[in-house]
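For clarity, chains are labelled A, B and C in written order, and residue numbers in each chain start from 1.
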Amino acid sequence: MPEIVAFNTIDAGIEPEAEKVQARATQAGPRGRKPRRALSGRNIMIYGTLIVVALYYLLPLYVMIMTSLKGMPEIRLGNIFAPPLEITFEPWVKAWSSACTGLNCDGLSRGFWNSVRITVPSTIVSIAIASINGYALANWRFKGADLFFTILIVGAFIPYQVMIYPIVIVLRELGVYGSLTGLIIVHTIFGMPILTLLFRNYFAGLPEELFKAARVDGAGFWTIYFRIMLPMSMPIFVVAMILQVTGIWNDFLFGVVFTRPEYYPMTVQLNNIVNSVQGVKEYNVNMAATILTGAVPLFVYFVSGRLFVRGIAAGAVKG
Amino acid sequence: MNLRSFAAALAVTVALPLGAASAADLEVTHWWTSGGEAAAVAELAKAFDATGNHWVDGAIAGAGSTARPIMVSRITGGDPMAATQFNHGRQAEELVEAGLMRDLTDVATREKWKDIIKPASLLDSCTIDGKIYCAPVNIHSWQWLWLSNAAFKQAGVDVPKNWDEFVAAAPALEKAGIVPLAVGGQAWQAAGAFDVLMVAIAGKDTFQKVFGDKDEEVAAGPEIAKVFKAADDARRMSKGTNVQDWNQATNMVITGKAGGQIMGDWAQGEFQLAGQKAGTDYTCLPGLGVNEVISTGGDAFYFPLLKDEEKSKAQEVLASTLLSPATQVAFNLKKGSLPVRGDVDLAAANDCMKKGLDILAKGNVIQGTDQLLSADSQKQKEDLFSEFFANASMTPEDAQKRFTDIIASAE
Amino acid sequence: MAGHTRGSGRPNQWSRNLNAKFASVPMILTAVVIFLGGTIWTVVYSFTNSKLLPRLSFVGLDQYERLWAAPRWLMSVQNLLIYGFFSLVFSLVIGFVLAALMDQKIRFENTFRTIMLYPFALSFIVTGLVWQWLLNPEFGIQSVVRSLGWTSFAFDPLYNSNIVIYGILIAALWQGTGLVMCLMLAGLRGIDEDIWKATRVDGIPMWKTYLLVIIPMMRGVFITTLVIIASGIVKVYDLVVAQTSGGPGIASEVPAKYVYDYMFQAQNLGQGFAASTMMLVTVAIIIVPWAYLEFGGGRKRA
């Protein structure tokens, strides 16, 4: 009776997850062939490759951090790899709290809470809607669903700047132009194609027995979604969150086009700091500002990494 | 400074808010975000706040690609800001035609803009069907050649006094491992350099015929062929520039890695910041030292039509504040640009700026290409010249042919 | 296949579908009103001479004629093909290999994953500048290698018209492969532990298991990844702007940049819309038949 086992696990909720992870870690037989010594040739290869790759990823970060710790005269010398002769944290302080964009000289800090206010609801709403879409498409297909889905996928390829003017019209007619609600709608719309695809394909790949068993037990649309699909899909929810938090947090264009100055996100300040055309460029402040702005998505990546575990119920179903 | 006009302007700025009874918050969008620019905007805001109103700043960097769609969306979306920066010229024409922008003719007549704004062409580009729609605030000119004295010293040649000497000095510079002419990779820089060469080599009248009258015969003719020849020289001299941003190119001049750069007067700020002095460390040649003419492009503020009556009143106050002599001086000194009125005194201006003021006073001015050509033609021109400067196999003749096509199809 | 879903027909079918339909209302509205409506709107205006504002003054095919006569557009299309091909292949291969390495129960997995993912978190306006520096012959990688003694070493991909698009690819992979790796890793984590046990028992070598068992099982994830990568390729814009602004000359121009430049900088909406219509038509020609086979043709995964 696999279904019963599955249900028991799921009914117990997500709490056992941590135990499970631990259990798995201590379990004998990791995914390779057999338990092995730390310095096996295979391990050297794996870690060697990962470290080399990590260096490639980190090189630009190194340059950015070094540059952000230098003064402008030192930067003008053009030696990008050299560590700073004289370390200064001035650029960081300036980027965060005193860089002027126009009249407002309070750096990135000005838009920080606005960015939070935009990112949190937009991420939640867009993922909620898209995961339900994906679920409906994968498990409850109705007539015409695939047509709408195809339109959506083609939509993923539209350069979104092209859609600015039509969307201005739509939001104006809805009466939400310039409001936070309008912006959340826009983020939900533009996140929808990729996220829906992500969830649809993931749900479609889950063991079908689970779904059937739940149906037999009389569980309906929402019950199955919340009780089975959601707990089994943590990694894909993390991926969706990575996509959305990054996209929305770093979004600049929608933030300014569809809201008013009191809602401007942090990226407006970032853009103003780094993107001025005919003014003097302070590269050290630019670098610091970029790293600071990226800190929040980075933090999310790191924290949410804990959820990157193997689907729990998938194993449970087989008992 | 003309004391009387100053007093009059002061009176106006003081009197109007009293008439307006209560103060209003005006949101002003612009793309002045770098340090010096921000300081300049602060002067405008200070002057406006002093009238009892409040300047709500909406700075968005990135003129053409970023700020403009935002401004247009806000205006057409029915939620306009109270005032917005645009390059004066042809960019805002359509918004005016669509009835979205406010007519400033009343303020302009009351404050005699026609008499005070010099050169008159500035106000002309704000005028559509006899009505005035924008308030110009500054003049930026493109026609400058910035030379590194150190580079020429290292190459063992005198600092050139004009374009021809510069071209002649190029081989010596190259021999010393110096890039003679720094041209950044962004398209607008190559196109701008060409326009500058055109005024310097073919002269003011030809420039006006090509860009003003869109005369394709002149564009295909021998005068312009000479300009393309010079552009060919410039292309050869710019080989090895390998930077994108204009200020990185300027930095090459500052550090003596490049002999010179053709760039607008905003480049001056970079030299100042690097602690260099005009005359001793670097040399500026307006009109490339050949034809001392400068173009009068620049920035202007447009005022979208608002429903709120108080705000509309405050818009008038803002317009007159922008042009008051005190604001003009304070703003332009910080911005490094020239004031739009001839009756103010810029005692604090540096040497290069003074040269510019002199030329302006003599009336050796042309309209900028932004004012003469549509943004569309400008973009096509940018595409052409960035290709021309990067691709040595494109002959000047071919380039001229394509240039003529662009002029022929320009509106 | 009207109203029939997986599982067998049931008396409560109607209400069951009602729920699914109700839940799909936002999707249907988005697809029809925004994406379909917006596309039609764009296509209609591509036949006008709209400049700064959309205006219905039709000029027939003028915008398209001009588009296909513009050297810059032709170059953009060619670049997109080259960039698209290599970007797709490398992203998939590198992303999958990295994910497979990460899935070996390694230590510091979270750290490695975050390192690979961090470029994705940073705005490209500035990271593009860093790549500009790294690839700059005077003070970037080339100068370092030369100072180590290899004086003839040449590496200036951003300043050589012939290879500039590959220079952009280097930064693109840096920025994008982390996400691909994450997607693949999530896919690998969705695969049952027992599959591995079984192949181990059968003594199938690991690479073969990946190739013949795991990858086919990850079909859904691969398709998702493919669409994400491909849509990113078609829309590629800021990478190019930040690194080369399309240069040297027009050597690294891409279609999306043409669209934006003409819509906003040149204030020629008609021209921009014509270019975006061409892009969209091409995408639709590829996607619609594929989508029909994939989603529509009653593929019975369930």
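Everything below uses one rule, namely that a residue touches a chain if its C-beta (ideal position, glycine included) is under 8 Å from a C-beta of that chain, and two chains touch if they have at least 3 such contacts.
Because the structure is a prediction, the values reported are computed rather than measured.
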Most distant chain from subunit B, judged by the mean position of its C-alpha atoms = A
For the pairs A-C and B-C, output the one whose chains share more C-beta pairs in contact.
-> A-C
Centroid distance [mean C-alpha coordinates] between subunit C and subunit B, Å = 38
Between the Cα centroids of subunit A and subunit C the separation in whole angstrom comes to 16
Residues of subunit C touching 2+ other chains?
-> 138, 260, 263-264
Residue ranges of subunit B touching at least 2 other chains are 69, 76
Quick one: which residues in subunit A touch 2 or more of the other chains?
-> 78, 161, 165, 252, 271, 274-275
Subunit A-touching residues of subunit B, taken from the complex the two chains share | 27, 30-39, 41-42, 45, 55-63, 66, 69-70, 73-74, 76-79, 245-247, 251, 254-255, 264, 266, 269-270, 273-274
Using the touch definition up top, name the residues of subunit C that touch subunit A in the complex.
-> 1-3, 5-7, 16-17, 19-21, 23-24, 26-28, 30-39, 41-42, 54, 98, 101-106, 109-110, 112-123, 125-127, 129-131, 133-134, 138-140, 144, 174, 178-179, 182-183, 185-187, 189-190, 192-194, 196-197, 200, 206, 217-221, 223-224, 227-228, 230-231, 234-235, 237, 256, 259-260, 263-264, 269, 272-273, 276, 279-280, 283-284, 287-288, 291-292, 295-296, 301-302
Residue positions on subunit B within touch of subunit C in the complex are 64-65, 68-69, 72, 76, 91-95, 98, 185-187, 242-244, 374-376, 378-380, 383, 386-391
Footprint of subunit B on subunit A - complex, ascending = 72, 76, 78, 100-105, 161, 164-165, 168, 171-172, 177-178, 252-253, 256-258, 260-261, 268, 271-282
Sites on subunit A touched by subunit C in the complex = 29-33, 46-47, 49-50, 53-54, 56-61, 63-64, 67, 78-81, 129, 132-133, 135-143, 145-163, 165-167, 170, 188-189, 192-194, 196-198, 201-202, 204-208, 211-212, 215, 220-222, 235-236, 238-239, 242-243, 246, 250, 252, 267, 270-271, 274-275, 283, 286-287, 289-291, 293-294, 297-298, 301-302, 305-306, 308-311, 314-315, 318
